[in-house]
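Below is one structure; the comments refer to it alone.
Labels run A, B, C and D following the written order; every chain starts at residue 1.
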Amino acid sequence: MRGIIGERFSVALFGESHGACVGCLVIGCPSGLGLDVEDIQSKVDLRKPFAKGIHTSRMEEDRVELLSGVFEGKTTGAPICLLVRNVDVDSGPYELFRRVPRPGHADYVARLKYGGFADHRGGGIFSGRMTLPMVMAGAVAEKLLRTTLGVETLAYSKEIGGISMGERSLDEIRELRYSNPVRCPDPLAARAMEEAVRRAAEEGDSLGGVVEAICLNVPPGLGEPLLSELDSDLARALFSIPAVKGVEVGLGFRSARMRGSECNDGLRFIGGDVTFSSNNLGGIIGGISNGMPLVLRVAFRPTPSIAKTQRSVDVVEKREVEVSVGGRHDPCVVPRAVPAVEAMISIVLADHALRAGAIPQVLERAKT
Amino acid sequence: MRGIIGERFSVALFGESHGACVGCLVIGCPSGLGLDVEDIQSKVDLRKPFAKGIHTSRMEEDRVELLSGVFEGKTTGAPICLLVRNVDVDSGPYELFRRVPRPGHADYVARLKYGGFADHRGGGIFSGRMTLPMVMAGAVAEKLLRTTLGVETLAYSKEIGGISMGERSLDEIRELRYSNPVRCPDPLAARAMEEAVRRAAEEGDSLGGVVEAICLNVPPGLGEPLLSELDSDLARALFSIPAVKGVEVGLGFRSARMRGSECNDGLRFIGGDVTFSSNNLGGIIGGISNGMPLVLRVAFRPTPSIAKTQRSVDVVEKREVEVSVGGRHDPCVVPRAVPAVEAMISIVLADHALRAGAIPQVLERAKT
Amino acid sequence: MRGIIGERFSVALFGESHGACVGCLVIGCPSGLGLDVEDIQSKVDLRKPFAKGIHTSRMEEDRVELLSGVFEGKTTGAPICLLVRNVDVDSGPYELFRRVPRPGHADYVARLKYGGFADHRGGGIFSGRMTLPMVMAGAVAEKLLRTTLGVETLAYSKEIGGISMGERSLDEIRELRYSNPVRCPDPLAARAMEEAVRRAAEEGDSLGGVVEAICLNVPPGLGEPLLSELDSDLARALFSIPAVKGVEVGLGFRSARMRGSECNDGLRFIGGDVTFSSNNLGGIIGGISNGMPLVLRVAFRPTPSIAKTQRSVDVVEKREVEVSVGGRHDPCVVPRAVPAVEAMISIVLADHALRAGAIPQVLERAKT
Amino acid sequence: MRGIIGERFSVALFGESHGACVGCLVIGCPSGLGLDVEDIQSKVDLRKPFAKGIHTSRMEEDRVELLSGVFEGKTTGAPICLLVRNVDVDSGPYELFRRVPRPGHADYVARLKYGGFADHRGGGIFSGRMTLPMVMAGAVAEKLLRTTLGVETLAYSKEIGGISMGERSLDEIRELRYSNPVRCPDPLAARAMEEAVRRAAEEGDSLGGVVEAICLNVPPGLGEPLLSELDSDLARALFSIPAVKGVEVGLGFRSARMRGSECNDGLRFIGGDVTFSSNNLGGIIGGISNGMPLVLRVAFRPTPSIAKTQRSVDVVEKREVEVSVGGRHDPCVVPRAVPAVEAMISIVLADHALRAGAIPQVLERAKT
């Protein structure tokens, strides 16, 4: 549905980059889930900028308010409204972009679509800041999935500016991915990525990259063919993150060059249970989870905001102009998008787990 | 919504590969569109197998029945039900797969999800045959878009078995893409692809590939942020096609390795109108169409059904077995998926064009 | 969603009164439900006309075709498509109504809404015949509810032409409601109703009435506040039946004249279980079922088609005219709407039972 | 969809009676609508209690906060979040009702459905206070409809405690309905109603009643058969208001006792335009608005909270008890429900007007 994602665990977003706040509404979380502000805040903190030259210099406190749906420390089953007030706002640099659309930004299409009434400040609803309410909603989904099913979603920067990380074990990924500003669990690659981001920023330019995510303990049977497959809903959710230009599951585009005999995951019995001898399909067959870890990758284009001079137009004076984009922004969105990727995956998994009945509607019974 | 795609132009699918029929229900097509069976049949015919060794040997007549929603040659505004009876059915070879799931197939997850009640014959709802009702629904969308907005969607095999086509002009693409069994508008590459498919088949194996699609005359302003972006809905729709493992828009994964200064599409005035000096974003910014051609690519894994021996399990006897998959199937699904890619794109575009008010609800007024 | 009712048990309708067929698509029925054509046919037969002077003289065989979603006598979990071909069609009398809208009919609004392209024959999608696909979909829901939860829905004509039935026990209602052409479980009242309908018809006129429904064994806890309450969804579903002008639950409009002390249902313990000492609220509090029988009433206006001369207009010649409505129709829609009321209630209950997890997604496990 | 009403103008509610706030999210309002807090506040003020003995003694300031979707005094096309903080909260009296469900209240079903985790204070999400966010969202819809189409919705207390108002002209209704605490445009009846409410309250009891609504200038052609009819969606929306037990359109239940020749609205030409010679159907035929005023009535049961002793149970001690309900509440919900009825109607009409393309997605073009 327009503006909503998920049917049984539904999320809507609201707010603008430089408006009063950004927030989300979560409808359908089962009752009885232990949830407090700190559960949300800790996830929100993971997307906070902190590294000069690598992250934006906009410094928001991002203090989460939990407005509804929780009572005595447990979810009630009613809608959960979460919001964060915008505080560190500087809309001055954006005034120009009302008439001079920034290349690679939504300024121009927003103008067409909303007739010039969109809130342009800081990019409005198109800002990377809208990943903040995604992360808030995702924190609820993540806690729900973890508590009930033990699902763990690990996203991290796989590649930035063409620099790829090496193979890492799950333990290393778990431990190291948030240990550096680029959110890459390979310290060596991380250092090179940092350097690359810094250099691009200094040159008034920006970088893109790839986020990979692995989800453990996803129950088999999630996903609803026809037309509501798990991968379909994941792809939809991930493309809603600003700057995403590609999504692939398992070996993805690489599998397009393989033969069936290489690509198919064989079945085996291990300890009496059916399992697969490989995971080339990334945990999804026929749109349904198969019990193997979910593996997917998300391509982010480089941040469109760059100091370098670019060609644009002045839509009022109807002439071509040159523009250098000021304002504050990340020279590479990938590191701070990592928690958003995690969040969107959690939202979709929570939704499908509820659809499939894998999570009950009441998590336990209250004592009173 | 589960089992439905689109809000204002909505499509549901039904049927099974070896059941009585496959069909679709299209809800929300405006009234007054000239539509007859031939409009649908001509699209359906483009996905018919015909080339021995390259396509399946299952030979269905695929005769379309138009059951509702059209009166005196025009759509009425009521739901349009379309179906095709299955005729050339041979379910014998599939009996084994009830207990021995085929590697790379949905047999195993279907068993888990539906408790053993799924129609396994010919793959049931997981069959590539379900792209037929997609094509039927897409034909309605395509006619609607073409008639009202002049939208043209051109999909074709870009790469098969690692063989890529060369650069081709739009005119060549338009003219040549359906001129060979692999649906590639580059005759040279097409020949190599054919040869590769044939060879793989002979070796009891299969190939994957990439379908690219270009949509012309897409009006700017389609797509609904937040969470119902045009690219999100396209990705969701395309991942519903069996065997899809990746979707990318514009330069997609390639843009992850670019700098902002290379990737951003500059704005210009041409003949008094704003346009873009490049199309690296593939016609979508901020989830909204920008008036440039839509460009996207879809990765298909190799057909899972192969004659080569593979490892599987017998879920009844609870032991590991070897299996060689019989039945009739395409050694590469890409060529016959081309019309399905086109169809799913058309469905999403028709939906968003209606959402945006770019297509009226009544196409004209009847004379009487 | 437009054209669809239900989220987890979803139903869409298609077809026209004088088109090729009428049908429905049921999405979301759990797998493993025993279902065959006869289950549907037996319900369809209950809405067949048979009594001269009381029912329409259009005699359709109404043979149900089950096209998908059932395999080896059990539902598979895939969409179920059901249809009935129209056979006994006589569209001649309707030609006039393209230009002279029948008073009380949708002719005029259909013309406005669909621009003159609607299928006018026999009322098209506005015909009472569209209750037939409702009944087909309802039959699936009813079987699902009965098999899994023991839910029983008993609808009957409570009042026709101002003649009300007397109090009857549940057993009498169950046994007698389908024993006469007016579907009233009070034989005395039924006779008077029949006579009234016959007389109205002879006078070229028509009657309205009230259908009451009682649902037994509805599990408590169905309904989703806020905005998706059980009574909200029931009311929506029931207003979709042609000619419905009012819906009330429990004492309904009567309760508007009561005091709280009279209207509130007190709570008691009976055999260790909480129950209610009365059922004035008709089994729904706060939008949620409370475990008591659901009781609701639906008001039907008199059939708009009457032989008596009425005032209308000729929209082509733009002048006022008189019209006497021919064609074949029931002089009172109430008796044949009884199964439709039952069907719509069953659809909503099945949907909410699935939403609440009261019915599993797989009814049992297949042996193989 | 669960927790959401409307497809193109969508509303979700959140908050609890004694939680931090109550609020709503409005998705899909076109851009360019002049909107400020005062537009919302003025509607909210109409549901504020003020008359001692007739309204609740809970005195909330109900100060509206407009959090998103409006920029420089105009809607932007982005989601609009509105909320009101709860201030005058006294949850003490409700502690008992955690174990002793109040007769006629949702306490018992909430306990079952949410496993004892629901926020019971002040009735939580089941409180009449949830009509406040309905009114907030309705204010946006009302302004949109008024500004673009001139739609005017007039709701008022038609009957309270069995006392009915007399016939009044539209002008009188418009002028007088908010002139007294019972929101009845007939001053004489209003006085009697006030007296009745006061007396009932003094006797520790409560009253019900009927709200009638008339909508002027509703464009013809709104409503989407099959299954998304205008009356269906209105009924669904109205049943979501707490304490509603019946909805009827036009003559409603009265039409069930009429003959077709009396009930049908004849068509005429007036000034070259087609119109109807009566409005027995209340402006809706076949689920579609016909251009006549919409007329509908909503039955409210008496307030369940009464001081009089009632029978209930203690679910913890598992024994029958007597209970007298304290807390603060209206002895008759009807007067303060009037703005909620108006709001829900406006929401549905705005949604269907957008669906039908009767309101554009951009209301005008901004100058810059």
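FYI, a contact is a pair of C-beta atoms (placed from the backbone, for glycine too) under 8 Å apart; a residue touches a chain by one contact, two chains touch by 3 or more.
Nothing here was measured: the structure is a model prediction, and the numbers come from that model.
Participant: In the chain contact graph, what is the shortest path length, in steps, from chain A to chain D?
Facilitator: Minimum step count, chain A to chain D: 1.
Participant: If you average the Cα atoms per chain, which one ends up farthest from chain D?
Facilitator: It is B whose centre lies farthest from that of chain D.
Participant: Report, in whole Å, the distance between the mean C-alpha point of chain B and the mean C-alpha point of chain D.
Facilitator: 45
Participant: On a C-alpha centroid basis, what's the spacing between chain C and chain D, in Å?
Facilitator: Comparing mean C-alpha positions, chain D is 27 Å from chain C.
Participant: Chain B to chain C: how many Å between their CA centres?
Facilitator: About 38 Å separates the centre of chain B from that of chain C.
Participant: Return the residues of chain A touching two or more other chains; collapse runs of consecutive numbers into ranges.
Facilitator: Those would be 1-4, 7-8, 12-14, 78-79, 113, 125, 225-226, 355-356, 361.
Participant: So in the complex, the part of chain B that touches chain C is made up of which residues?
Facilitator: Against chain C, chain B makes touches at 1-4, 7-8, 10, 12-16, 19-21, 23, 25, 27-28, 31-32, 67-69, 71, 74-81, 83, 98-99, 113-119, 121, 124-125, 316, 361-368.
Participant: Considering only the defined contacts, which chain B positions touch chain A in the complex?
Facilitator: Chain B reaches chain A through residues 1-5, 7, 11-14, 101, 103-106, 108-110, 112-113, 125-126, 130, 159, 161-162, 200, 204-210, 220-221, 223-229, 231-240, 242, 244-253, 255-269, 272, 274, 277, 281-282, 285-290, 299-306, 308, 310-313, 315, 318-320, 355-356.
Participant: Given the complex with chain D, which residues does chain B contribute to the contact?
Facilitator: 1, 7-8, 78-79, 225-226, 355-357, 360-361
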